[in-house]
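When the chains are written out, they are named A, B and C in that same order, and each has its own residue count from 1.
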Amino acid sequence: MSIGGIGAAFSEALSLIAAFDHQVLEIALLSLQVSGLAVAIGLLIGLPAGACLAVGRFPGKQTLAIVANGFMGLPSVVVGVVVYLLLSRSGPFGELGLLYTPTAMVIAQVVLVVPLMAAISRQVVEDAWREYAEEFAAMRFNWRQSVRTLLYDCRYSLFVAVLAGLGRAMSEVGAVMIVGGNIDRSTRVMTTSIALETSKGDLPLAIALGLVLIALILLLNGLAFSVRNWAMRRFD
Amino acid sequence: MANGILKRLFVASAFSLAALGAVAADSITLASTTSTEQSGLFGHILPIFEKKTGITVKVVALGTGQALDVGRRGDADALLVHDRAKEDAFVAEGYGAYRKNVMYNDFVMVGPTDDPAAIKSASDAGDAFKKIASSAATFVSRGDRSGTHSAEQRFWKSVDVTPSGRDWYKEAGAGMGPTLNMAAGMGAYTLTDRGTWANFKNRQGLAILYSGDAKLFNPYGAILVNPERHPHVKKALAETFIDWLTSDEGAAAIASYKLGGEQLFFPMK
Amino acid sequence: MSMFPISASDLRFVPNGHAVLQGLDLTLGGEGISVVLGPNGAGKSVLLRILCGLLVPSGGQLRWGVQQDCPAGVAMVFQQPIMLRAAVIENAALGLIPLGVGRAERQASAWAMLERVGLADRAKDSARQLSGGERQRLALARAWLTRPRLLLLDEPTASLDPSGAEMVERIIREIRTEGCKIVMTTHNLGQATRLADDVVFMANGRVREHVPVGEFFRRPASEEARLFIQGELPWQMAF
């Protein structure tokens, strides 16, 4: 595409944002809902899992930590296909009829973000654990109490995990395309509509949507960082 | 505490998602092809159908081969695809209850305007393919078991060319749009349906170089996924849709879709 | 079941072949303040950690009363207490979590305790922004709140200014009057004379003397103790 094309894309993006284009708004909202929920569930699973990996002493701990680290880069297409096969009518969870619904997209994204969030959580909590281990032992904390207290203590550092998860979930296209089906007004999110516009050869519109997505992610990051900085000034 | 915020966030998202799923109570899933979706046809006819019946049609756009797979697994209620041989096999194997003719459009051969293989002067479609092979001009194939891919393979076979593995033959393994993007970027030939081409914006130096042979005829069929094999199929709703597509009303809706003043799909009624 | 007397005989601690305790004998009764003195490297901190159950001796015998395992009711304040990134009140209440005390009750008890150590007005502030003295008082409050029978203090006033140290000493005396046994280390001989009921003098991983405080300073039995009191014994020296 020419330089002029990119310029056109920018002005199209601006006009999309300025006009509050109804369809774009709906798509962006669905992206936020799906990825937001996936990250919320990912938080509830990934952060405690990571903290347990940091604190716990059990066989296979090292292996699990390596798996979590490795799965940070899990190809989203692979996750998409696996979740597709699980949710398909002919698959083990077919009776639920979840394929091609936003719920299916949430499930796939949870699978994507949990290893990422667990790996970051493990790193953050392990650093804190080194500092607290003796103090907690003297107070006779059991591992559950240690995990809970450490997660609480690291809550602001763990914002990074949340942001990383949100970034991963909102920007991936492979999994949601396969399990969501990119159905108009139902499972079409920012990334799948970008893929669709690209395949229609409407590159300026694709880039415009991409800019909207990037702006959205930046906005969320900005918000999260200001909350975190405010809190850290207060407690650190 | 952070926990409380989390819980509230979780509950709120769950509710909003539940609400989202609840909107389309009367809906069917239609597995169809990228060519129909990207030509803009569905955007034109589905609102007409929805207004009349209140049924939402959720379109999953894939290649014909993938769409048939989705139907085989029972993940769609109906199919609208274009590969007659595979469609008939699908019904014969019991995956589909029946197939009905809906409409047709045609394939066109696009390529760089300087036309190094000189297919403009081809005597028929087969000749055009032969010219591309003999001049070793770059050709981008869908390579994705789609209806268009099947049609292309039939043409190579009809002129006794085995293009697979040749330097000039690139298999994209992608939908029609990405394949056109590739062809545009490489200045290559490819076979496309007229609808997708009409709606395709990134043409660069590509143009239609050959069209009009009756062999380029591209019929679309609607199939009801067999409810006996997949009991959850919304038979009544899906049949309402297929019946409408093949009715005078549906035909009129299809015929009235024009892009740049050009009619893209022709009802077979 | 009482955890006293605590008795150690021929206690050894040899991590990675490096002898820290080498045949330590000690008996501690259930009352008063025992101050552990001795040059650096004598094994004082290690002794406290073993009494807290944080380190397992490599050899010898250790009994808390008749029990072989470290019982409940032992608390410890470290030289550098670690505070959560949270409010003072949350940190004060921390020690009650393992005791299964509910959140509301934890907060209420912590409030009362902060009043006693003079930190009530800082309750909502960040614990990590406290001064050294305040931090040490908070650590004492955190430990005291669990109602221990044995409280172990590792250098509780190291690097505090005199007024900070004085407040900490006042709290330590108050805890003692409530009947809690205190074992503490210090490098401050003045503090030892002010607080101690008895002195445990350690050198080279052994207890050299364990006598009432007056006796220790008036008539040190060993040559090392005499030199130590006179300040002539270098902190880092090996005997």
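Convention: a residue touches a chain if its C-beta (ideal position, glycine included) is under 8 Å from a C-beta of that chain, and two chains touch if they have at least 3 such contacts.
Small disclaimer: the values here were computed from a predicted structure and weren't measured.
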Groups of chains joined by contact, in the absence of chain A: B | C
{"item": "Chain closest to the middle, measuring from C-alpha centroids that were averaged per chain", "value": "A"}
{"item": "Chain pair, most C-beta pairs within the contact cut-off", "value": "A-B"}
{"item": "Chain at maximum distance from chain B, centres defined as averaged CA atoms", "value": "C"}
{"item": "Centre-of-Cα separation between chain C and chain B, whole angstrom", "value": "78"}
{"item": "Mean-CA-position distance for chain B and chain A (Å)", "value": "32"}
{"item": "Separation of mean Cα positions, chain C and chain A [Å, integer]", "value": "47"}
{"item": "Sites on chain A at which at least two other chains make contact", "value": "152, 155"}
{"item": "In the complex with chain B, residue positions of chain A that touch it", "value": "1, 30, 33-34, 36-37, 40-41, 43-44, 88-91, 94-95, 97, 99-103, 106, 152, 155, 181-184, 186-187, 196, 198-203"}
{"item": "Interfacial residue positions of chain A with respect to chain C in the complex", "value": "131-132, 134-135, 137-142, 145, 149, 152-156, 232, 234-236"}
{"item": "Interface residues, chain B side, partner chain A - complex", "value": "1-2, 6, 9-10, 13-14, 16-17, 20-21, 24, 29, 34, 38, 42-43, 56, 58-61, 72-75, 174-178, 180-181, 184, 199-203, 230, 232"}
{"item": "Parts of chain C lying in touch with chain A, wherever the complex brings them together", "value": "52, 54, 72, 75-76, 78, 81-82, 84-87, 94-95, 97-98, 126, 128, 146"}
